[in-house]
């Protein structure tokens, strides 16, 4: 049997609102340590990882590890029926193929339960190692959301350049070009208004704005966002979920060609070792194009490779655990 | 000549907003006792009855009974032009085929008059007797509206079950099932937050959610809604209009089959007397299906019969008064 | 080199929002006296004139007269990226074909610059002489916007009649007729709530509501609107832009036929002198129809003539200055 109870139920509503447009179906992994999810977006370009630690819940019981496959749009529909002050309980009995969401109003005068069928979703779990990042940027999440939205009215991609003084977000499109510079600012009255740059090395990376805008739907979860950047790694856009966990979005950079910075550039889809061998391949495919190409030939392994390309050495391997094993 | 004047003119705006999507054209009946309307929705499944008593108006003059046929969408368009604090006057001179809506701003600096052509609408007036109901439920209108909206994201029908302890609203759909239980609660600080159940007998009835959602558009009129239920009667969903009247919505229940509660069930469209005679009719038609079927063969008399089926004995007869008589 | 700096940058955002739907592309004229624009709407029926005086800016530098052709929708997109409290700078270097918009947050922590390509727009500059108007009406801009919107739900045109006591806005449509009367009111507590009529002669004129609604998009710029009316002149609908300038909309009246006031009436497209000569022309064309007719034969000179028809005597001539001359 699995059961969790969260007094601040609105957190779960916000979590679902922030990922339901990016991912259709996903497996939630329930273990003694917490309630988590890892899933790629439907075009296999971005990855979302959610973790809610067991100690963050008012009640948490997980007799054995369970994987619950859910349609996130349907789950979000049900959670939307919870009041913002409701206590939310998620329950799954052993041997059933349903999950129950229970909502209790603060006064206990209204109690709702919603039952949803679980799905059998074929997914692989990627091991994402903790990495050292060249630059880590902390800023108000609303500011980041606004910048992504504003730049989207001009172009399709954003170039993020971090230096000690600040971070520059740039784009270019048919109607013109835009640069937005945010300066480091640690002396604000309210900590959540700070912009803090921890830089080991300056870094300049290019990303698709449509994914950044999708990640920014998590803005209501947290007043600050943390963006971790390294030239060889996918960017991590992280929102804390209260004191109990986080939601992290991973996105591979587009590799910029020096002569046309700020324009959609082909992504290097091979790892360092193999890159040299295929240097004379006539046509370099871009992540962007691949994502757009209706996935007609987008075979999953290649995409996962792309996403995690650059993870260092031993850690770099795809730690794919077949579903059966994990449930054991 | 007919003239009424209402200082709280926003009430009329709200009345129109609550019925204009349910009913296209309707006759307003003006008599010395008040300003009223009775009309069936365009698919002849629901009935709305409005009463605004003459003593509720600041000024009310009705020399003789008048029936004014109006297109409610157009009437609503005109009333929308009234400010929320405006005084509204409705005027119709004898021998004209127009009605005038006059709006005065509180400061008297802005005075508007809107003139609309009256229509000749062929309608029959149903006598709706006061009945004893097995269960009467009073609850916050916003809560009821929220429940109907929430359940609509899961299913098409709602099963309402009343017991002494509370009321349960249930539905079932493709993505799962939902139950919402509201407990009796009479000890709240604010009377309009109370949930009060007057139960003679427990009752369980099924209704189409789309009509309930339509009725809930009257929510801005009143903080409480009263829902009167009996197994053999149409439900009555009533909103008070200040101290001067009410708007009541009637809807026939779908008759549930015991083995598949909470699913759309066929409605018994015959009265008790005739039911037995036709028991071997091969295909039972449902109110729901009839409503959907583009009204191609929906003959009015049958539908009215359906709606009032179950009204007791003598009272059950359709008290159709031809229009001419009423105007005499 | 041209550069202006405006601390209250939101004014520029509001200016663009108020004209971008009326005009697609337009030339901004920058001179030592100020930053101005004059353009006809795409159907050549209305004219908009913007003036922001140089002394209204915190910084204003204009080495020589410059004309900058811009796509207003794109310019509005860029200005939308400015925060409401941002300081806005507009800059154009000599010899470049771009303009730069710079936005500084009040704390100087965020600085954005947006670069847009300038366009070469073929336009003629009309000299609009100051005229004496028979009636000048000042009223709250929100009231005027509300009236235009309300009347649009009933009809297509508005008849504005000014007398000493007040102003009447009337319309008529398929569903009925409407009259809204606003009384002169100079004794309000707040000056911006006043309705003031300066009348030399009563005047009654008819206008297309869709243009009035378009002009009313400037409502956020100013709490008062000034409407100047004369029977032989285009109406002027003016909104002040802080203390630094104004935006004026000009629209030719539809000439009413006495017997059917308040109905769309043909516009007299000829000047007084030529009117008599062509009286037996079989089909009188209306400005409204012309505007609708996909501009297939709408030749500009005729339309400008229409717009300025009635300007008195010497002043009436089209003071078309070729672009090259103005830039000299």
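Letters A, B and C mark the chains in the order given here, with residues in each chain numbered from 1 onward.
Operating definition for what follows: contacts are C-beta pairs under 8 Å (C-beta built on N, C-alpha and C of every residue); 3 or more make two chains touch, one makes a residue touch a chain.
Bear in mind that the values here come from a model prediction, so they are computed numbers and not experimental data.
Listed here as common contacts of subunit B and subunit C: A. Two copies of one sequence, subunit A and subunit B, touch each other mainly through non-matching residues, since under half of the numbers at the interface are common to both. The centroid of the Cα atoms in subunit A and the matching centroid in subunit B are 48 Å apart. Residues of subunit B in contact with at least two other chains: none.
If you check the complex, the residues on subunit A that touch subunit C are 143, 150, 153-154, 175-183, 185, 195. Contact residues on subunit B toward subunit C in their complex (touch as defined above): 71, 74, 77-78, 80-81, 98, 107-117.
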